[in-house]
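Some structures to go through are shown next.
There are two complexes below, and they share chain A, which is joined by chain B in the first and by chain C in the second.
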Partner chain A sequence: MANVVHILVCAGIVPDPLQTLEPITGPNGPGLKNEMVLPAVLDPWAASALYEAASLAAKNPGSKVWLVSLGPKAKLQQVMMTVAQKVGFELVPIDGPIGGFPDAHSTAAALADAINAIPGLDKAKLLLFGGWESATRGAGVTLQLTGELLGITDQFQGVDQIDLRDDGSYEVLERVEGGKHQVSVCAGTPAVLGWATGNLAEPRNNPQVGMANMRTIMPALQKAKPATLAANGLRYVSVALPKQQRTTRVVKDLTPDQIAAELVEWIGAE
Partner chain B sequence: MSADDLNAETPAEPIDRPTMEVDIACAGFGPAMGGFLTTLTREWSEHPEDPAFESKVAPGMPLQVLCYERADDLAAGVSGVVTRAQGIRASFPDLNPAEIPMAVEVKQERVLYLLDPIGASQRSLTLRAADAALRTAGPLLGLRDHAFELPWTPAFLHKHGGLVMSIGQFNQWVGSQVLATGLVQIWPGTPVSAPIFSETSSKHDPAEEAVLGLRLADQGVDRSGAPADGFMAGMDVLAQLTVVGDGPVGAVGQALDARLGLPPGHARREWALGMKMVIELPEDTTLEPGTVWHTFGYPEPEIFGFLYVHPDRLVSVGIFVPSWMGDPSRTAYRYLQHYIQHPALWRHLKDGTLRSWGAKSLEESGKHGEPFLAGDGFARIGEGSGSTNMLTGSGVDEAWTTGTQLAEAVVELLRAGKPFDRKNLAATYEARRRASWVERGALEAQNARNGFHGGPRGSNIVKGMIGMALAGLTGGRLSLGAHIPPAHKQIHLESSRLKIKNGTVLALADGRPLHDALLTACGWPEIPFDGRLLVSHQDALLMGGKVQAMPGFADHVVFRDIQLCIACTEKTCVAMCSGQALTQGADGMPAFEREKCIHCGACLWNCAVSPDGEHSNIEFNAGAGGLHSAEN
Partner chain C sequence: MENLLVLTHVDETGSALTKASLEAVTAGRELAARLGAPLTIGIVAADAAAAAGVLASTGARLLAVSGEAFAQPRYTSDAAACEALCRAAAATIVLAPGSSRFARVAAGVAHRLGGFIDTHITAVGGTEAVEATRWFYRQRVEAVLSRDARPWFLLLDAGTHAAFSGEPAAASVEQIAVELPPLRTIVTGIHAPKQDAQTIRPDAKILLVAGAGWTKKQADGQIHAEEAGALILGFLRAASASLGSSKSLVDQRGEDQPVLPFLTHLNQIGQTGATPRHAKGLSTCCHGEEPHVVGWRFIADRRAISLDPNCGWTRGKADVVYIADAFQVMAKVNALLSAGAAK
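And then the complex of A and B:
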């Protein structure tokens, strides 16, 4: 017998990682140059969580997926035109700043408030999904803090798989050192799951799914409430992009062993 | 092979397709569609209670307007542009360029004739003599850095008061405003494979054709398009009106042309590949934002170039390689690298950094390539509708304006309760267009480039410039006559076979790409890679174009007659491929890698063989992916 779960996916939006990013410091702190007009995507880690959520909901009829996202309303709308074609969900937008630099506690509080206000949400059946890491430049603790504010104590990070059992319990595989998984079994929901990559490929763009989603997404965006995130004394000393390393050489006729040896040498030097 | 055959879809078995009904379905999101949706949503927003904006397919609901764009993002445009912005400013009277990243008003324009500083370009004896005379008189004429600035620029080339922009950023800016109205939906990453024709249409009478909507591309297919794992049939989107703005190589526009033909006397035979880099200038640059250079003469006499300076030390630099450059060894990326190293440009660019890179085909037939603008259930806007002015070298503003004209017509017909049939669209959209500055400009420009055709290589550039001047200075009343052959016949097969062969041998010998090998074989010096601005073609794809492609789509480049490809010695498609997506196979067949294609469409017209005497042997269909750079 299938379990009915309510899955909330917390997902930020980030600049398309393919773009040229340039950090700047403005009157409101650090940011990226022209960030509002850089193409944005759903945070790749959280996107994995969304696809897993949709898959889990499909296997458990009666389940439902919400996507909770904090960002500028206009930017959220643009990102949704791509994300909404992937899987079915109901959007809970929070009109807030872009960038990922706001204080994680403030962000978590805004997310928790929005989640608490969702009509029909059964917290006893709640699975709070998100990415175990983030491309939003955040501290990587927002999901955990949100879970705590919602009173959820069963939390897992680096999740690659969850299996719901007929008796309402579930089994979770978490990544641990050495390329292995730690297996945990819990009696039942609620829980917080910070996903690694999961096991699903990115779904294809399905116009029908997109149109179905838009029936709820557009009204939700129109009604999105603005959120002001307090800095809570947070101050950034410096901001820098990860150093890009790209050294191209044209070398022919290397054997696989030679290539492997060079890779090992390069990795060892890092 | 007939035009019908070129357009035929022959699935092995009927596919059960999902369908959806909307009021207006749109193919492609570029400047033309931006103009259409901006104008439509603005009128709609100002009159939300107007019953004209009630859906016909979903009574009680607002008008259902959907737009499908092939690229993965609305900002994945492929052109830096200088435009007079006449039509754009008409839509945004209070436009502040500072609101659009990389946009700035034109401050200064120069036209430079570039001499060949290294002696590798293929110049006629006449041109060489003229160059020698220029060098001799150089001190008196202000020759500097092997460049001669024209003391006077004809008015038709001026863009004073216009804008330097990034089309990617402009699309993003327009798209965000349109989406913010909440009235229309623009779906990126969704290629449209074809229009849907009425079953009662007559294939031979354009007046009888009716378009019922758009068919989205199938997903979950193998390279040939056959259903594979995760097959998802492309949806049929049925609409009262189908707006076609998918550009010069768009699948919908091509299918319409194949089915309807072009109006009598019209043909699409003139093309150019525009390829450019966006470069971050060094901190001590003296180039001011709003500076515009037009160049000619180098790297080959037929190749025009440009330099547009954006704010924030960014500059767009690029070249146009035209179809009338008959050398089958023509290429683009390597030429672009030589172009930016010309002393007149290099003095400003040498310490710069590559930020972005891209390319696109330009349909340069202008009025001669204009298709049927409207029919029952469809209308065409933008570059694919032949709106580009080839005298002024202006396309974005014209495209935008055709979109606004169609939107005004649509609103008029909605309010009048009239259907979107051929007669009504002709009386509203086409009539607006014919009465506008777009049409006047197109008529002035229609024969302006005739001089570039005919005559031996090297002489056509001088004749062409004279022809442009003649047409430009007389408002199109005078021009040179010409017979313009189909694009495949513009490739002079006899001219460079030895170089092609040498290039091929070189390519096979050291593994370098054909375009690169060809220019080395032609005597051009090797590129001194610096890893920052002068980088390999593949690095440019990754660093600049950020090229990606979603899996699950069919190959959108298809070779119609394989035997023709095998027998072809020129392989111009391979040499001109902007992304090295086409390479030489061992058996003589070009090999296509979808993941590297930037959808420039150059292969479509850089094919020296034709199965039907007019069209090339390459089919360019709908496909996903391509450039991801937002700075183009």
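And then the complex of A and C:
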């Protein structure tokens, strides 16, 4: 018997990983140079959460997936043109600042407010998904804080797998130290799951899914509520690129035997 | 005046403090000494007696939440335990290891106490105020930050402080009572690869980084994935090394391309993977592009084997780059290491 679940995926947008980043300090605090024009993608771990959510919803008819995302409206629209072609979801956009430097507590509050305002969301059936860390702030706290604000006290982080059972309980695999997974069984929803990579490959683009999604995404973006993120006493003393540049010795003229001997000596040295 | 609390927990044995917890104790002692602030250490364990004994020589006030419910790392019980310890200590600054156990609950605890949290802290400094150093954008931008609001939770990255070591002695521990809500989650076990199949070894001295080149066509126009797997596993065994991988190599599993069967996403380092800390790192068959390189930012001594003498990402990131065929070199390395072990 299938279980109906309401899956909310919290996912930010981040600069494409191949972009060179340069921090700058502006009137509102630190940011990235040309941040608004850097190509952006959906946060990688949160994207895994979205694909897992879609897969779980497909296996449990009647279930629904929402994607809650905070960022500048124009940037969200740009990223959604691609993301919308992957899997079906309803977008809940929040028009707010981009980047990793705003305070996570304020971000969580904005997300919780938006989630609380979603019509038809049954919080008793809620699975709050997201990446266990973002590729911007990378703190791994926003999802937990959002869960606490929503009163959810079963939380899992570094999740690679969820198996929903007929009785509504589910087994979760969470990453723990040493390349292992902790296995837990939870009695039922609601719960928070911060995803690592999961087990699904990135879905291929499907223009039909894209067209269906865009019918609701564009009106949602037009109605996106603005959010101002308070600093909560967070003060940046310095923000800089790592300065350490190594003087690389390029070895071109050694045979494999000679290289191996040098490496073995290096490996054995204290 | 600040009031410091270090939160600690035991490992899977149920009695010994984790190395990361002992590192947090060192950080707490250093910060308390610098601020002239009182130090409290909180322990979460089924039975905290042995752990408390190890901490006796710190001279800190010791608090513990104990009982069978706290043997399992799970959100509901751990959050309640940490919240009770923080309230009992009336802490203004809370240091804790960034372990999977505390990373799961610390943000929630900070919220319950009306406090704030910053994680992945690599250094705690400052003269006038407490300042914490951490990375943003997956180890690509480094920032120093401070907060006026209290309590302030700081989750410390593993390997950033020496582990505390003291002579075990009898310790006076204050037990803190916790009223638990109904527990809906049960930890049923740990999935771990078999001992000889484990390729992730956080305590290894050397990290081998395998790139996608291992499963690409070689000089003879053929793919040698099986040979690549044997060479990599042979090196891990001979050098007691840990294995990291680039995202592209791990992703091949889902793309019907040749794969190394022992690689999983848990091996992935870099932009969407782990950032392991090891004394040495050897990168092989990697393009070395930035998202991958950030994964070994915390590797002290780095060498690489690459066929591309002009790889711009390797230069300035590695200490030594050997321009050679990794298949040939690693076969020789394994032979030498095996011969050395046989002597």
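As a working rule, the second predicted complex is superposed on the first by the 238 of 270 C-alpha atoms of A that agree within 3 Å, B and C clash if a C-alpha of one lies under 4 Å from a C-alpha of the other, contacts with A are read in each partner's own complex, and residues count from 1 in each chain.
Note that in this section contacts are C-beta pairs under 8 Å (C-beta built on N, C-alpha and C of every residue); 3 or more make two chains touch, one makes a residue touch a chain.
Please read these numbers as outputs of a predicted model, since none were measured by experiment.
Trainee: With both complexes overlaid on chain A, does A:P30 touch chain B (first), chain C (second), both or neither?
Mentor: second
Trainee: Tell me the contact category for A:K123 with respect to chain B and chain C: first, second, both or neither.
Mentor: neither
Trainee: After superposition on the shared chain, which partner residues are touched by A:Q77: those of chain B (first), chain C (second), both, or neither?
Mentor: A:Q77: touches chain B, not chain C.
Trainee: Looking at the overlay, what does A:Q208 touch: chain B (first), chain C (second), both, or neither?
Mentor: A:Q208: touches chain B, not chain C.
Trainee: For A:V141, is the partner it touches chain B (first), chain C (second), both, or none of the two (neither)?
Mentor: In the superposition, A:V141 contacts chain C only.
Trainee: Please determine whether it is chain B or chain C that touches the greater number of chain A residues.
Mentor: Counting residues of chain A touched by each partner, the higher count goes to C.
Trainee: Quick check for you: in the superposed arrangement, does A:L18 touch first (chain B), second (chain C), both or neither?
Mentor: both
Trainee: Return first, second, both or neither, reflecting whether A:A196 touches chain B, chain C, both chains, or no partner chain.
Mentor: Once the two structures are laid over each other on A, A:A196 reaches chain C alone.
Trainee: Would you mind listing the overlap between the chain B footprint and the chain C footprint on chain A?
Mentor: Shared contact residues on chain A: 18, 20, 202, 246-248, 250, 252.
Trainee: Looking at the complex, which residues from chain A come into contact with chain B?
Mentor: Spelled out, the residues of chain A in touch with chain B are 16, 18-20, 33-34, 37-39, 74-75, 77-78, 81-82, 85, 202, 204-208, 210-211, 214, 218, 221-222, 246-248, 250, 252.
Trainee: Would you pull the chain A residues touching chain C in the complex into a rising list?
Mentor: Result: residues 14-15, 17-18, 20-21, 23, 30, 32, 44-45, 100-101, 103-105, 135-142, 144-145, 147-149, 153-158, 160, 171, 173-188, 196-198, 200-202, 232-242, 245-252, 254, 256-257, 259-261, 263-264, 266-268 of chain A touch chain C.
Trainee: Spell out the residues on chain B that touch chain A in their complex, using ranges where they run on.
Mentor: Interface residues on the chain B side: 18, 20, 68, 72-76, 101, 169, 172-173, 175-176, 179-180, 182, 185-190, 216, 219-220, 230, 232, 235, 237, 312, 355-356, 510-511, 531, 535-536, 538-539, 543, 546, 548, 550, 552, 628-631.
Trainee: What residues of chain C sit close enough to touch chain A in their complex?
Mentor: Result: residues 73-76, 79, 99-101, 103-108, 110-112, 116-120, 126, 131, 135-149, 181, 184-193, 198-202, 206, 239, 251, 254-255, 264-268, 271-272, 280, 282, 289-291, 297, 301-303, 305, 309, 314-325, 328-329, 331-333, 335-337, 340 of chain C touch chain A.
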